[in-house]
Each structure stands twice: as C-alpha cells, then as structure tokens.
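By written order: A, B, C and D. Residues from 1 in each chain.
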C-alpha cells in the first residue's frame, strides 16, 4: 500500500509538533507510600517533522506508548519519548501525560482517613543530546482574606483556591512533599473527611493564617527555593472568591527553563 | 435529488426527539431595565419522528430559528417551536436556549456599578394542543456555614455557591425578581466590584446570616411559593466547600410539571 | 460540641436530596476479562431529609463510601447505598459514580492492540423496600451520512459520534456486550491503533454502512430489546457533524423506570 | 480603614502577574460588515507587583474595565491596559478577552444564510515604552484524510477539526480575512445551514481537497505569510478523528514575538 505520509513536501515548512492528542489510558505511576498507584491519564504525544516530509505516522506514537503505560515514572517517560523520537525519525519528541494522583490524608484531630485527589502532569521534550522535563501539580487549598479579616469586626471571607506548581527537573522529589509545601503556605489544606472537631480546628486554624493569592505564591516560592535547586519553577494561585463571581490570581516564576544535556532519562 | 430522509422506515420505532444541538447564535432577549439585551446563546432544537419516517430534515430547524434569533422572549420562543413543529410535520417540537443574562448591580455601600452574569435558559415543548415551558436560572451566592460558625471560637468557613432555580410557567415574572429571592436566601449575594467599605459590609452581613445548602433551598422555596403560583418549580444549591475538594448539594422540588392546554405562546 | 444539623426545622419543607458531589476517588470495578479493573471515579452521594431536621451529616456519606471504593460492582453499590440510608436515618439514599472503563481492542486487520476508554456510570436509589438501578455507557463511533453518500458522486461526510445508552437493571449483562451492540449499529466502531491496512478496512466498511443518528438509535434499540428484558432503557446518539459546527442528535426510550421491590442489592 | 494590600512586604519576591480572572461581561467589538457587534466576553486582567508591596488592589481592574467594555477594539484595548497600568502603579499591565465572534455565511449553492460562531481573543501586555498584542482565532473546518482516500477503493474518513491561529500585530487585518485563509486551507469550511444541493457540493468539494493536519497548518502558514508581515504568528490544527477516539494535532510557528516600542495603542 502506498505511504502517503512518507512522500516529499515542497512547501519548505518544518512543523514544530505533530502527533496525537487527548488519548485516554489507564496508567500506573510511582507512589511514595504504596510503591505504585493505578490511575488514568490523558496523553498527548508529538514529534517535529522536517520540512521535506509530507506527514508523520500517527500510529507509531500509540505503538510506543502502548508498551509503556503500565510504568509511568519520570525516567521511564523520557525513555518512552526517546523511543518515539527514533520510531518517527525525528529530532525531538514531546509528551504530556495528565493524571489524578491520590493520597490518603487523615483529618487533623479525629485522624479519620479519606482520599485526596491532586491533578498532576509530566510535560517533557527529548532530543538526541538532552531533554527538558517539567512536572506540574495542582493543590486545592483554603484561603482566608487578610483584608476582609482586618477591616471587619467579625468573620472574614474565605474560599477554595487552587495552587498550580510547575518545576523543571532537577533534583529528585516526591509529589507529596510539594503538596505539603503548598498546603503549609495556604490558610489551610483541604480534607475529604472532617468530623465536627476537625471542622472547628480547620476553621480556627485558617482564620489565624489569612493569606492573599500574593502571599500564597510568595510563601510557596520561598519554601520551594529553600529546599530544591530546580533550574526553573513557577507557582500560580487562583481563588474562587466567595464574594465575587470571578477569581483572584497570582503568578510567579523563578529561574529559566534549560535544555539539559545528557541522558537524564536513564 | 432524492429525499433519503423522507423514505419510509420498517423498524416500527418512533423517535422521541431528533434534531440539532449546540448551535451557537447571537440572540436578543427581554431586559427589565433596558427593554432588550444582546447576548449569545447555545441552542438545541428537536422534534419527534413518527416510526414510519427514516429521518428528519435537520436544515429546517435552522431555517426557522434563523428567523427568530433577534427576538427571544418566552411567548416568541413558543411561536418559534410551533413553526418548527409545522415545518417538520411533527406532533411535538422541543427547544432549549441557554444564555448569560447580564444585570448591572451596585456595591452595597459605595454604590459602585459592575455587571453580574447569570446563566439562564428556556426549555420548552410545543404540541398542537398545548405546551410545557420551563425557565431556568443559576445565581452565584456566598454561604457561611452555620455549624462552623457555632462550634468555632473565631471565623467560619464560607464559599461561593450556585443556586439553580427552574420554574414552569405560569405567571409572568422577571428574572431579576427570582435573582433577588435567591440572593436574599443566601448569606450574601455576589458583586463584581467591591471597594473596601463594601467588603467589610459583605463580610459582616454574610457572617450574620449563615446558611447550610439545606437552608438555602428551603428559604428560596418558601419565598418563591409565597410569591408565584408556578405549577412546578425546583431549587438546587451547590457549595464549592472551602474546606473540602468536593461540593455540598441540596435539591427540592414542589408541584408537578403539567401539560398546559391552550395557546400559551401567543 | 453542639449538633447544629440535628436541630429541628420549622419550615415544613422536606428535601428530596442532600449530600456531597464531585468527590474524586480511585475505584476498583468488575472487568469481564481481568476480573477487576482499577480506574478513577467522580462520585455523588445523597439522601432525602425529612422536613423536621435542619441539616444532614455530610461526613457520614464519605465514611461509608470510604469503606467500599475498592469494590464497586452493581450489587455492592446498592449495599453501600443501604448503609448510607441507615447511617443518615433516611428513607432513601441516592448515588452516582462515573468512571472511564477501559477495554483492550484489536485493530480489525493487523490485530494490533490498543486500549479504548468508555465513559460509564451507575445511578441508583435505595429505599427500605426496594431500589432503582440505572447503568449508563457512552460509546464513541464513526457515522457516514446516508444522504451525503447517495446524493454525491464521490465521498460522503462522516464524523465521530457518541452513543449514550442507559438501562435499568434487570438482567445481568457485561458492559462489553452493550458496547458491541452499539458499535455494530454504527457505520464503524473506533480504534486506538490502526495500521494502514486497518484504516483501509475501516474506511470502506464505514462507507458501506452509512447511518443517520436516527438509524443508530433505532438499530441499537432493536438489538438491545431482542437480547435483554430491561424494564426501561434509552439510547441517544450525537454526531459531531463534519460539515457543521453543531451536532445532530436523536433520542429514543422504551419501557418505563420502575421501583423494584426486594433486596436487589444482596 | 486600613490598606492591608498597600503594606510593605519583606520577602523580596516580585510577582509577575496578579489580578482578576474569568470575569464575564457583555462587550461590543468591531464588525467588518455591521461596524459593531454585541457579544459576551470572558476577561482576565493582571499587573505585575513589585517585591516591596504586599498586595494589589483588585477592584481597580474592574473599575477601569467597566469604563471600556462597550468598545473593545485592538487600539482601545491597549488604552484600557495603559489605564490599568497607571491605576495600579505597575510597570506592566496584561489583559485577555475571549469572545465568540459571529459572521453571517451563505450556503455555497442555495445561498441560504446562517450565523457562524468563531472563538476569538485578544491577549496583550502594555508597558510604559511599548506593548505586545496577540490576536487569536479558532476556525472550525472539515478535513478529508488523504491517506484514507488514496488507499481505499471508496469513501475516505473525514471529520470536524479546529484551526487555531495566533498573530502578533502588526498590520491591520480583519478577522474575516484570517477565517477565509484558514477555510481555504482545509478540505472545506463549515456551514450552519446547508440544503441538499449544498451538502452535495460540500461533500464532493471536500473529497477533492483532502488534507492532513500537516497540510492544513502549512497551507495556512504560507497564505498568512504571503499576505501579512506579522512579526510572529502560529497555526495549530486539531482533528477530532472520525476513526479514533483521540485527536490528530499539528503546530507551526514563524518569526518571534517582539516587544513593540511606541504608542501602538493610540
């Protein structure tokens, strides 16, 4: 059968990324407590396409990923991208995998357990001589407004917020440790199961630790910086304001993304 | 050209609804203050299909709607459905139109204006002898938790919530009046623009009016019932809990949906 | 500590449903081939609230669910709802659990494997004397337009569509069997991995089996009816039309939902 | 009342962006045919925050935007950002406004009219000495697969796709002209209303003009480049593959984003 994609193209336009998007797959990821965790992922895989080729071969992305989905860790993800790079005869392969990561968390007073879900992702790029690997994480938190607390004689508006952290590898770290850093920077972390004594504790603790979105990104930023030598990272905070129908937002980034030479994935 | 859809079908299965979905259109709706309001809608239009026809004629839904989009009011919406019913030679035509409805709202102390957006919809059904017309509305609100307030020595968790009201016509009413009823049943309504004196007012007012989702649907329900003789209505409340990563929810409905005989749409 | 929720309420309004929504949890479900499957769920749990109680106790929903998430099957789901009903001292408990269900599927000619994801859900209600249990399933398919094929001298517009089936239990069945029925009613099922020989096969097979959304719901309906004595079921088809920016839709339902007396969940 | 936000901060962390997000507002935009068009927008507004301030003043973003929403054009949008910059005493102000843009489009044979909706956005940054202004646009199209057509004896899989174009100003252009360029690069543009003779035309025309996502971005790229001297632009294409449950994707960008010195907004 003819290979239409393999034909030559005369338009002289190289394509930076071409591939498959929004593939849904069951995956197994690394878990700090239980060694491995079963979850489900949304996956996108791309490669660059030199100007002289008409098209890429989309099925090869799936063939490679289908060999790796039962073991998605940071190093094996780069190995998978390297295999895509070779299979597609490309200079660079790109991959994104998004998944909920579950952590058992105990209520602060009663100690009752419940599962918390954190949206995580790997976003990486692999060339012949190196790579760039970003890990992302969203941590839901509670925030009490310092201004509302200070100017009001009673109460203070508070709300659920989300903190999005992205870091470039870099040093080894556990998702759980980044989660802890962010929760400690907020008015309070969230819980799936709270009994009455827990609810009192969380209410009072949060009221005693009011933060603006600005405070949240600054505190997270300082804590990350003091603990990990990431070449680059960013922190975003978004509050679903309880007094407005829009959100409050802050973004800070530090360092610069780097192309990391060497076989980082091995 | 052959009319494939018009052919007969031998499978003896009548289809309750067939048509077009997720059409995006600019529309003009009725506005209490400014007579008319320009907004944009997502529209779905259906008719039933008797068992002996192979298919419906999808383009006719659009032809009819295209004559009406500059004047979407409750009575004209039924007129439009009647034209679809006739154009499709159907027993019943169905339509849904969803749109954001904007209302200017002043901050409670400073009086500064801002636009609030409320998600609204019409969902109606028109037969030869009558109709059923539902109006829906989502009102974002603030809710302070009565339990958290009472058991804690300071503060109280609060959050943004959404109240969804659906009513069957019935009596004439303004969307603005339903919005007011819901906001008065919550700890506080929301505002787009609040200066510091407004923020203090809203914080203290909300703290003084704590409500569970249960209270919110009950208070809305009583207020609606005491004011309008709707044959059926429902109220749902959903809180984006500031201490959990899931939502609290309550639902109440009263009366029963009725088929209303007569030319309601004229 | 005071039990604010347990207080009496004088407003005389019973609440049909109150509870928690949009909880994200890892779950284990039944798998036809591998006995069990790890996936992730979005869960909502409710109970009714008699008019004389002020509020429900939200943490109890989570406590019960937290004992059951590693074994979500149709009978155990009803057992879980019964425990919620008792824990909340309610007449009726309600639950919904949505999850992607993964099935390995081989390409039609090359036999190459890939994972397909199908959105599934259980939606059930449990009272002291019986229950109602609905299973839902979304199957993505390809549809070739019969009209476009017949009136055009070459080609035919086709697109991805989704068929949503809901059935009331009833007889035992496997999700895989409902998936097969729907795929056989479409122009073609979808595949995650297709090599060139597979793509030719699927293209020609689909072109030889054109269906309107009307045909798709009728054929699925007949096949379900001839195989399973469900008291009620519905089939919806939605095409992301390749020539329009809106969707085509058809809906058919058969039978009537029933309250099923007896201890269905045991 | 105290100004909590105005206090000094000792953590020495400058914040790149802080502000409000997901504000919904009615807006009026420029329309090639009708001079102005009423639509609705989702708006985000930010400013940078120097390291020595504790917080920004969120209400000022709304105050400024509330003076401008009835006239959203490229130059007035920069004027608005300049006012935010001054009101917040910031070095740089950022704004994003997303809105559906409606264009009447006639069926290719019957000439019947219908409204098409295109998702558009402005994303800009304004400093004391210059600015950067990006306009984005999503155009839904039909794509017939060249490989499927060539290897199959009949038919060819085709689907709805979306092309996302982003351009940096630059030269004046109409959204309508970019839409035309993209539609001419696809197998066919989409239509809201097609009668049978139109459906035949579109089916055959699309079958005669098969394109991969790679062809779609390359053809759009060449056409844009030959007509407009944009300093930077990108083109992405995403096909909702009719034979897969995932999407095909291609991305190309040309030039480099520049900081444009001078009062571009006036």
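Criterion: a residue touches a chain if its C-beta (ideal position, glycine included) is under 8 Å from a C-beta of that chain, and two chains touch if they have at least 3 such contacts.
Note that the coordinates shown come from a computational prediction; the quantities given were computed from them, not determined experimentally.
Using the average of C-alpha coordinates as each chain's centre, D ends up farthest from subunit C. Listed options A-B, A-D or C-D contain a single repeat of the B-C interface, assigned here to A-D, on the basis that more than half of the contact pairs agree by residue number. Across the two candidate interfaces, A-D and A-C, the one carrying more C-beta contacts is A-D. Computed from the mean C-alpha positions, the centre of subunit C lies at a distance of 36 Å from the centre of subunit D.
As a whole-number value, the distance joining the C-alpha centres of subunit A and subunit C reads 29 Å. Mean C-alpha position of subunit A lies 25 Å from that of subunit D. Annotation for subunit D: residues touching 2 or more other chains are 1, 23-24, 117, 147, 151, 192, 194, 196, 200, 244-246. Those residues of subunit B whose C-beta lies close enough to touch subunit A in the complex are 116-117, 140, 142-144, 147-148, 151-160, 188, 190-192, 194, 196, 199-200, 202-204, 206-208, 240-246.
Taken in their complex, subunit D has these residues touching subunit B: 1, 3, 23-26, 37-40, 59, 62-63, 66, 69, 100, 102, 112-115, 117, 192-197, 200. Listing the residues of subunit D that touch subunit A in their complex gives 1-2, 4-5, 9, 11, 13-24, 44, 46, 49, 54-56, 58, 146-147, 150-151, 212-215, 217-219, 221-222, 238, 244-253.
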